[in-house]
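Read through the structures below before going on.
Next come two complexes built around chain A: one with chain B, the other with chain C.
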Partner chain A sequence: MATLNDMEPASRRFIERYPFPDLGKPPIAPLKTQPEKARVALVTTAGLHLDTDRPFSSSFWLSDCSFRVIREADYFVDPGRLVVSHTSKEFDRSGIDRDINVVFPLPRLKEIADAGLVGSVAPRHLSFMGSLPRTGDLRKRTAPEAARILKDDDVDLAILTPV
Partner chain B sequence: MCNQTAGLIARALEEVGITTVTLSLLKEVTSKINPPRVLEMPFGFGHPLGNPDDREGQTRVLQTCLDLACQAREPGTTWKFDP
Partner chain C sequence: MISNYDPCHVPVNNALNSVNSLHSGPEGRILKMSLAESRKSETFELLEDHDFLDYLSKHCDRLSEAESESARLEDLGGNINRVRRVIYKTAGGGEESLIIKHVPRDGHLARYPAIKFCDRRLDREHNWYHWCHQISRPGQNVKVPDILHYDRERRVMVMEDLGRGKAFDTLLQSAADKKTILSNLGSFLGSTHRASLASTVPLQMDNEAARQNRRYVFTMHVEEPETVTRIWQDSYKDQDRISLSARLSMKDEYLDKYAGQIRPVLENLENSFKTGSSGQAGGKIVYTHGDLHTRSIILSQEGAIGIIDAELSDYGNACFDLGIFVAHLWAHSISLGIPQEEVLKDTAGFLGQYSRAFEPGQPVPDSGFLADFVQHAGAEMLRRLLGPAGFNTDLSREAFIEVLITATDLLLDGDYLVARLLEAIEDL
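Then we have the complex of A and B:
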């Protein structure tokens, strides 16, 4: 597992001084169905989007809290349309460039759905820019909006993948 | 900050009744946000599911997420992924 010591000194100092919110005990929603019947979605913070989507802002301080929808159908028609616009310098992009499953395992998820290990793959998956020093808009607006989209799609389980 | 963002989204999804499993690459940050179910990954930044083209390993990550989603009873449950 990575540690703060693996980060560039400036990034490490930023996190060490960052005023993390005091959120208290987390909410917990038990899985309401057996995995074999569950609908599963992916939510990544890798800044992925289709090449026709508006890229995420390249400004770290602007904190672009928007998200992009990645439809399963679009992805499987042409996986090459998925691109990364993430501002962080901290992660190695070579893995994503070679195999999208290292951060957005939609092909693996479809395989286990086809094998009957999960009920179905959600029609819509979501991607955010993870480098957000200011999270107010995320917490107040875009994360609840994302939750509504997945709820509308009857998603039972979401797997979140940071980079 | 990706680990903070993922944890905050997870909490929003749980608020509307969607079960979540959050992978973590940096527990110093994830622990501050305290999402309900965390799978700590022994990999570096940029590839939370491990090495590219490791089909078996990537599938095991997803299966472990399913197990964690089914078995966690308490908010804040954290497992370590064994590669």
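Then we have the complex of A and C:
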């Protein structure tokens, strides 16, 4: 994992100096069903999206709090359509280039669902931009929207892959 | 410094309601000027150094012929006003100085005649100084200039020179000086605002110059007309600093994303200036300085604070003064690389003193007031970034971005900063 010392000076300076909000402990809900019956979705902050989607903003300072929906069906028809528009200069993409599972383990999830270790794979998965200096819009608008999508799909368990 | 005032006296209330052609000294001393001398006032302009010296000897009687001959002038003028520091040798061989300020007819910008501002702005500066002198307390660490002469007709004021002062950036690099100055300034503003709540002086309810200016503070930059865009210039001279083209490009990109969210907040602030915050327990209506950025504050080598340039003083939301000052405090601090946690503590020190002076017995302002305050600070930051005025300190591209992100947080998501400020003020 990269440390502050690995960051380029301007990004490091910002991270060290900015008074980010203290969001407290996340309200994690207990799993209400057995894992082998649970429907599972992925939520990544790797800035992934399909090549037909609008890319995330390339300006870090604008704090693009939007998210993209990645349908399971779209991914498996053509995994090559998944692209990355994460803005962070510190984001080493070489791992993703070799294996998408490091940030978006949909193939692995399908494998464990097929093996009966989890109940099913959700039809929709979500991708955010992980480099956000401002999170207000995320907290107030887009994160609740994302939660609604997962709820509509009867998702029991979300696996977060922070980048 | 000048200490030789005009001898005539009239009550200060008359000064605040003054009509044509008044010369005045501090603490309500006013000398009526001959009306015959005002006939050409409509076309009267002071343009060159010799005009200022000529005026001082003919109309103001401040300088003797010998003093006038020895005088040298420094141009301190801004976009609108023509201001000179006049330094001269006295008969005793010493050196003294004064400030002479003149507002051009129709208040037009010298380089951009299409843009005009109210030219009665000097009346308000005169009134605010008088007001401050009237309520000043012994031992007060903040002062405003004594008025040596005021010519309303010709839009000329001659004032005590509070000195060159030291740069605000220098102050921020000394923790002890910073704490003292912020504390004294908070205390001064709190007591001044408080005094205006109980004032029987007929404070005038509307300053046209300030009303015009509030559009620039709050909303103008969101839909800036072409006449204003043309006056943008490279305000940050250092080559390492953000360029004009980068600022303009970031402005467009920023407004594409945020205009819809920030416009209603800014409009609410602009509309509520005369009524206070529209929500909860926001800022009360007080007599504001109206333009309390860091060039309106003179810090002497001895630690005294002077406040000048009160042309935009008006009766309005207390958070306006506080927000403007703190926006500049943050921008200077960010430019110097001071961590924002430290800036939050500095802000808490300033606001804590303000609160104690404004409402003795209530050392911690309530959250509604702080919420109003942080939005005002955000609005001033934003207009300095997205409008032509700029800050009084150089900003690198990174610092510009940091201030921009901070401004947006203050305007749209200030709740967490309010909580932190409350905590920091309670810990003082």
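We take it that the second predicted complex is superposed on the first by the 160 of 163 C-alpha atoms of A that agree within 3 Å, B and C clash if a C-alpha of one lies under 4 Å from a C-alpha of the other, contacts with A are read in each partner's own complex, and residues count from 1 in each chain.
Rule of thumb we're sticking to: a residue touches a chain if its C-beta (ideal position, glycine included) is under 8 Å from a C-beta of that chain, and two chains touch if they have at least 3 such contacts.
Nothing here was measured: the structure is a model prediction, and the numbers come from that model.
In the superposed model, A:105 makes contact with chain B only, not with chain C. In the superposition on chain A, contact of A:122 is made with neither chain B nor chain C.
In the superposed pair of complexes, A:70 makes contact with neither chain B nor chain C.
Of the two partners chain B and chain C, more chain A residues are in touch with B.
Looking at the shared chain after the overlay, A:82 reaches neither chain B nor chain C. Contacts of A:158 after superposition: chain B is touched, whereas chain C is not reached. When both complexes are overlaid on chain A, the residue A:133 reaches chain B and chain C alike. Contacts of A:48 after superposition: neither chain B nor chain C is touched.
In the superposition on chain A, A:92 contacts chain B only, with no contact to chain C. Where the contact sets of chain A with chain B and with chain C meet, they give residues 21, 133, 135, 139. Only residues 1-4, 6, 15, 20-21, 23-32, 35, 38, 43, 45-46, 88, 90-96, 98-99, 101-103, 105, 108-109, 111-112, 117-118, 128-133, 135, 138-139, 143-144, 146-148, 150-151, 155-163 of chain A touch chain B when the two sit together in their complex. Residues of chain C that touch chain A in their complex: 250, 253-254, 257-258, 334, 337, 339-341, 344, 398, 401-402, 404-406, 408-409, 412-413, 416-417, 420. Of all the residues in chain A, the ones that touch chain C in their complex are 10, 13-14, 16-19, 21-22, 57, 59, 61-63, 133-137, 139-140. By the touch criterion given at the top, residues 1-29, 32-37, 40-53, 55, 58-59, 61-63, 65-66, 69-70, 72-76 of chain B touch chain A in their complex.
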